[in-house]
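Have a look at this one before I ask anything.
The chains carry the letters A, B and C, assigned in the order they are written, with residues numbered from 1 in each.
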Amino acid sequence: MSHQELLSPEGFRYDGRRCNEQRNFNLELNTHPHAADGSAICSMGNTKVLSLLRGPTDSNDSGLSLSVSIIQPPYAKSDRVQVSKNDRRFAELSLMVQRTLLQSIVQKAYPRTNINIKLTILSADGSILAACVNSATAALVDAGIALYDTVTAITVGIHDISPLIDCNAIEEIDLPYLTIGTISNSKINLLLMESKTPLDKLQKMINLGTEGCIQIRNQLDIAIRKSAIKH
Amino acid sequence: MPSTDNTLPIPNILTLHSLFSSNPPLRPSLRPLTEPRDLKISIINKDNGNIEIKLGKTYVSCKISAIITKPFEDRQFEGIFNINTEITPMCSPLFSNGGGNDFSTSAPAIIPKTVISVEENEDNGNDVIMGGGAMMGLGVDQTSIEIMLSRLIEKAVRRSNALDLESLCIIAGQKCWSIRADIKFLNYDGNLIDAGNLAVIIALLNFKKNDIEIIGNGEGSELVIFDENQREKVGLSVLHIPLSVTFQFFSTESIERNIKGEKGVISRKIKEDSDDEDDVNDRMEVDNDEVGVESESRSSNEIIIVDATSEEELLSQGSMTITLNSNKEVCQISKSGGLNIEQGKILECCTIASKIVDKWTKQIKQVLIDEEVKNRDLKIEKELSVVNDRRTS
Amino acid sequence: MAITSEQNILKQVDGSATFQIDSTKVISSVTGPINVIRQRNEEPTSAFLSICVRPASGLPSTRESYLETKLKKIITPMINMEQYASTEIQIVVQILESGEREQFTCMELSCAVNSLYLALLNAGISLKASFLSSFCACKDGNIIVRPRMNELDFSTSHHVSVFSIVDGKSDELIYSDSLGKTTEDELFKVLDVISNDINKINESVRETILQGVVNDYIWKF
């Protein structure tokens, strides 16, 4: 895949989007009312993450213990590769999601409490971490856990000089990309970049990313309200 | 009877106090906030890349070893490069063998409750957790520290292609070099990530492997490995020098205010007036306002420090690691949870990191030049120069 | 062959020391007595020794566990274990440079014992006796003290011994480990040779300890 095709001179991306156009974002809350205390499915384009939350339950630890695990079943990707149980990448991702969420939970309201979140990547097409964070946040809201505010995340890639929001898997392979998560006030909570990028392009990416996070936040808000009316 | 916690947070009160209550904030060591500690590089064994570095009191040793193996099926034209990081109780009794231990009991919270009340809800950054875990009873295990540490160093050095893997290929699909870096953390005094990263890169730059040659073609070809007496050893091709800088964030505000921003400030102020002994830090906040250092529009008062010591890490409320090289390319950024930071501050951190990386890169290069001068074999050089000197013939 | 040693290098642990013979370098750390970390290890009448050996490169293997058991056997009778009832003494031995091939352990074992002795002293753990170790290789009736890597490769047998030190002289045999074909005669000769060599090592080690005491002495004039 050449770089030309990722962004055409007319400003269209490989899948026909514009630079600052998100993929179809869809969030459903309370998808599994019997299986979990809080559940949500978040889809960003073809990436789909299901989160099931159990808790708050009693624990022996003094504070709140939040555990997050991410599972990627073989059917998530077309090559059907089995992700090993102690895959370091997924261990790191779940750690990052856990720390990000922990910051938004009103911890003093949950002493000696366990909250357990299981994230299942139903289908992977880029922006996995972002989708996991969004989905887990929605699950927390669905379970009625007290939050200071919601954390939303999105990815930004960079093609030459134009930042591309919400990368899919093809763009993630070829372009350097950044996952950014913000909490209200556009304060950055989560930042992850694993590929080489010139320093001067970072500003552009972060700017677009925060914009994108606000968009996601609005959509999350709508989804929450919708589910609140339904129940 | 002494217990495991010989890193008791008694000096932490000093750290906390000097950071939060002085204006401008000061570190107990009086080191400027964005100044890293002294980096000492000692090359133990020139050829096998055995080096030791000291970043302040953090003491890391790294050794490189190379063997010839078969390349991976899916990467036939590339060599193999592995980084091994392991934490033992040697670097701090807070760590245990094999990990998976709960540190929540190892250090009692000696800091008075009023002082830590704002950080009570914190989530800590990388290495900090274990301290934070110990003090705040978060019970964060060693495994997560080890995962973060090894992933960050691996991303910084391996994924940024610092080592040219294609040059390690000998015969495509059959033979390649497998390079292994073993990082040993000997003494913990904060900032294991940066120190580990520095150690690997310096070791890679120093390492020399035996020269090899393939004799013959096709079926009957032979691989000859020369020892150092036959042919001089060759260095690895290191494409760029990525170096990590880890920032630690502190804040005097409560978590609500950090998240909610402005609105929180006003409501807190009213509360402040009514309830004086509510929160030491909040009061400090108001003091700052009176001094007028930062006006009402002040939206954040995070204190950002680099190269934290263990005490500072214990108290930190969040961390971020940025890996850069001297070409101003960001190889990796990682921040998860912890204090929420504005984007302006993040870019500020990048500039600071870039300066530090430049400084360290210069120092590393100087060490390499010095080492070369020291190891120069005058006799051989003379012989070589005679051959090349046209005037003698 | 150069012997270098240093005490009190690491700050977070109670005692630490490096010991280097030729190209083998070992660093040890001792923390203790501390509360027992895993409850099931607690012994009501004596201390629990947790020893952990880490290789110079690669992951720890059976070779390291072998060294761990040997070290435990050597160290346990030397410490006043009863004095530290229901506590743990945490020992980490990190091999920084291994001057021998993988199939041998004699250099590493000997250096580990010596560095541990210094580290235990540094940590202030009560010992029953001073002890030091040395090793040698035999080939065709010749005994080579502290052999180099290739001398070890071609030897018919190699021996590691630990002697206690009394009045600055090696005294009683604490531990002896031989591998390879050897005769009774040779073995006794070897023990003699090692005992003499330990006297030499002791001179250098004593200096290190003296230096350590001077450095630790805080009431300087």
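Note that in this section contacts are C-beta pairs under 8 Å (C-beta built on N, C-alpha and C of every residue); 3 or more make two chains touch, one makes a residue touch a chain.
Which protein is which chain? UniProt says A = Ribosomal RNA-processing protein 41; B, C = Exosome non-catalytic core subunit.
Here the structure is a predicted model, which means the values were calculated and not measured.
Contact counts per chain pair peak at A-B. With respect to chain C, maximal separation of chain centres occurs for A (centres as means of Cα atoms). Averaged C-alpha coordinates put the centre of chain B at 32 Å from the centre of chain C.
Between the CA-based centres of chain A and chain B the separation comes to 27 Å, rounded to the whole angstrom.
Separating the CA-averaged centres of chain A and chain C is a span of 53 Å.
For chain C, no residue reaches two or more other chains under the stated contact definition. The set of chain B residues that touch two or more partner chains is empty. Contact of a single residue of chain A with at least two other chains is seen at no position.
Across the interface of their complex, chain B is touched by residues 61-63, 65, 88-89, 91-92, 95-96, 98-104, 106-108, 148-149, 178, 182-200, 202-203, 206-207, 210 of chain A. Interface residues of chain C facing chain B in the complex, by the touch rule stated above, are 9-14, 16, 25, 27, 29, 31, 33-35, 37, 50, 52, 54, 56-59, 87, 90, 92, 94, 96-97. Only residues 1-4, 6-7, 44-45, 50, 57, 59, 61, 63, 65, 84, 86, 88-93, 96-97, 101, 180, 182, 184, 186-189, 310 of chain B touch chain C when the two sit together in their complex. Residues 104, 120-121, 123, 136-139, 144, 147-148, 150-151, 155, 159-161, 255-256, 258-261, 299-300, 320, 324, 328-343, 346-347, 350, 354 of chain B are the ones that touch chain A when the two sit in their complex.
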